[in-house]
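Following are the structures in question.
You will see two complexes here that share subunit A, one where it goes with subunit B and one where it goes with subunit C.
Now for the complex of A and B:
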């Protein structure tokens, strides 16, 4: 019983319950568009929770996250595009890579591991930086990753669309992976490393004076973040079936960041809530765009409403509630607080 | 002089610190012995906090070296100094604001590699000692100033330091809080064989806590020794204690 009352268990259970509800509703309404939206939402939960693991715990904004999503997607693609399609999908592929093969599920997780290994290899020096310098270097890292994806034709097919990924990503699969990501992120947050990372976030000088190895704890958080981004990328790749490097750049970075900033980077509850709110808003606004364009109310086409609303929402949240909608307390903390209050 | 210093002491010798050509500390040497409380006093801007920052590796030294229980500390390495057993508090409280009181205290133990479960146990014991256990789950940012000061000291103690450097620990506390803190600090050297360096402007507090004091003015040592002797030192009276003390003397 005390296990059930544990605030961390309650947080995971509540957030996973939300995902489960989404799956049930999707099966109940049985509308293909809804299932697609719900699947994308679950993939975004993996992505945003992954970003929260680094940004929420260290307080450093990272632009590189979506780049690691790309690494995961391309790795999974390399391992799963059927042999008979490889010649067309990847005409410049290195001969030694032609025999690479793995089951899609395994490939998705290997994509996460490759992203984590690359993050581990390139990011340690960057973890010594703070504030604006850290943000700018993370942006530079995104540019590097994007440029590599754009020009490494042998592996990515260059700027051209890469196709042929088996479409194995289903709503239940993404919901399970999203639930796993939530549990892992919460375990990290409450672990020794998570607390040390959060200490460096709150006061770097005091953290150093206490003997905390700031670059190391940030580095480990960054690796976890890249791992989840890579897994998210693999899931997405096997959902859409084809993509090009432009799928992993600024527009997508902006959406993922918007979800986290609106929900609250300090909590996993905020990250998940941000995905739900922004997805709901996006889909409503897209529908509005379609309705406005079909009704021909304006002389020209109405486009970009979703991005503009997201931008204004981010500005509003940052101005009025800088910590996001759920800044500090996880949902489990709130539930335990309520129960204690009722008990008096 | 250094031949008499026990190998278990913290020795900061010939410390000089410069900021853009301005000499904030000029050849200061200070010794903190285990089990004693040493007072560090001086007028505002005399370099007291800079000395703590220099000892803990948070400002680069122009000259000098810091030795902790016989180990020479590398330059500008606050982490190494902390892991060698030197804890500190700050003039302006620096808690981890979004962490709970308990988590704040745990971090010091966790930084030393202690497991989470054990760190929590250590935090519970220290918070009980400081009368803060009932507020263990409070977010640190929501504490009042006096409690923040106490949590900062508790946090420093959770790392089981050999030496504790306290920068105005009673600042912002009312009389009763200050008295209670004084009582707790007096117990620490005996209980933990801890050497404490304390900066404070409250002379009655320094007198109650310390046997020895070290006085600096304009970045230089002007007196050091037993508090009774230092109080009578003309240079100290002139530089720090002022005319009222001159009358007392």
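Now for the complex of A and C:
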């Protein structure tokens, strides 16, 4: 019973329940579009929860996150594109890479690990920076990653679309991975390291005075975040089957960031809730765009309305509720609090 | 020798544009300690203003002046939409709201104008070339250098001699104290955004003059340049921003000459890695600004 009462277990259980409900509804409805949306939603949960584990705990905005998503997607592609298609998909591939292959599931996780290794290698110096300088350099890192993806034709097929990934990503698989990401992120948040990271977020000077090695703590959080981003990227790659480097740039960054900010970067509950709310709003707006376009009310194509609405809601949320919808208390904490109140 | 002259002119012209961009970012950062992510979109706004006025038959200088005015107007609008509602909150909040504002402007351009590139009217002087000491260079480059000198002189005079400049410097050093001594906060902040818009507007003429057309995403590159220049130079220092701009231009131009053809496409990656190295060595940038008080 005490195990069930544990607020962290409750948080994970409630959030996973939400995902499970999504899977059930999608099977009950059994419409292709809905399943696609639900799968994308679960992938976004992995991405946003990954970003939360860095941004929420250290308080530093990271733009590089989507770059690591790209690293994961390309790594996984490199390992799984069938041998007979490689000549076409990657005509300039290095000979020693031609023999590489792994099962898609393994490849997705290897993609996460490669992303984490790259993050570990490049980011340590950046973690010494705070505030604006940290954000700007993470932005520079995104540009570096994007430039490399765009021009390293041997491995990424350059700016052209890379195709041939086996489409193995299904809704149950993404839901399971998303549940795993939620559990890992919560474990990190409640671990000693997570608490140290939040100490550096709340007062950097005091944290340093107490002997916390700020760059190291941030570095480890960043590696975890890149790991999850890489896995998310691999999942996404095997979902869409073909992509080009421009999929991993500012537009995507904006969506992921918007989900986290609206939900609340401080909590995992907020991160997950943000994904659900923004996805729902996005899909309805996109439907509206399609309806407007097919009705031809306006002379040209209606594009970009969804982004504009998302942007205004981000500004509104930050102005009215700076911590997002769920600023500090996880859902488990809230449930435990409710039960205690009823007993007392 | 010819090559050296060519190289120096290239660095000075590019560096001038970079420095002015960086200056516009630093002037806001100096006072608010907040980064304006929507800064690059001011260039886009100026570009579309020129595009919309194409064919009105106005002299080009009038169109350019209107474009700069629009850039100033949107600079001040950034303050009202993205900064004022969340100014007192976290650094991250403002970064996100200004990022959101930049998305709004970009998507508005997508929605109301077009996702495709639009040609902008340019005067003939922009396409003529001159020969200096054997080096053939576009007259545009020399104009950029001249504009940089004029703007920097004007800026220095404004900051050193005018009451507004003195009040802004006071606000940059200790905002709370400046307010207590009767410096109107909102006016100072709006003026900083207006000056930032003026700088972006002037740069945009030369930046767009090089490209000849405008697309919704045009603001990204100048924004990055301004970011990186300020980080190298020191986020709080005005001379640092100028130095950072020229240094970045030097790195870029040198890489253009040094790098072999097949590595040239990775130039941005090299530049930014270099920047990361500079930051390893000096996390606060090359020139430390005035020791400033709390963020306000």
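Here is the rule we use: the second predicted complex is superposed on the first by the 344 of 344 C-alpha atoms of A that agree within 3 Å, B and C clash if a C-alpha of one lies under 4 Å from a C-alpha of the other, contacts with A are read in each partner's own complex, and residues count from 1 in each chain.
Following the convention adopted for this analysis, a residue touches a chain if its C-beta (ideal position, glycine included) is under 8 Å from a C-beta of that chain, and two chains touch if they have at least 3 such contacts.
Keep in mind the model is a prediction, meaning the values are calculated, not measured.
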For the overlay on subunit A, clash or fit between subunit B and subunit C? fit
Under the stated touch criterion, which partner chain does A:195 make contact with: subunit B (first), subunit C (second), both, or neither? first
Touching partner for A:90 - first (subunit B), second (subunit C), both, neither: neither
Quick check for you: in the superposed arrangement, does A:206 touch first (subunit B), second (subunit C), both or neither? first
On the A-aligned overlay, A:266 touches which partner chain: subunit B = first, subunit C = second, or both, or neither? first
Which of the two partners, first being subunit B and second being subunit C, lies in contact with A:151: first, second, both, or neither? second
In the superposed arrangement, which partner chain does A:328 touch: subunit B (first), subunit C (second), both, or neither? first
By the touch definition at the top of the document, which applies to A:78: first (subunit B), second (subunit C), both, or neither? neither
Which of subunit B and subunit C A:307 touches, first, second, both or neither: second
Please give the nearest C-alpha separation between subunit B and subunit C in the three-chain superposition, to the whole Å. 8
By the touch definition above, which subunit A residues appear in both interfaces, subunit B in one complex and subunit C in the other? none
Given the complex with subunit C, which residues does subunit A contribute to the contact? 55, 59-61, 122, 125-126, 128-129, 131-133, 135-137, 139-141, 143-144, 147-148, 151, 250, 254, 257-258, 261, 265, 300, 302-305, 307-308, 310-312, 314-315, 318-319, 322
Complex contacts: residues of subunit A adjacent to subunit B: 191-192, 195-196, 198-199, 201-203, 205-213, 266, 328
For the subunit B and subunit A complex, residues of the former touching the latter: 56, 58, 78-79, 82-83, 87-88, 90, 94-99, 103-104, 106-108, 110-112, 115-116, 119, 139, 155-156, 159
Of subunit C, residues touching subunit A in the complex: 29, 33-35, 81-82, 85-86, 89-93, 95-97, 99-101, 103-104, 106-108, 110-111, 114-115, 220, 224, 227-228, 230-231, 235, 265-266, 268-269, 272-273, 275-276, 279-280, 283, 285
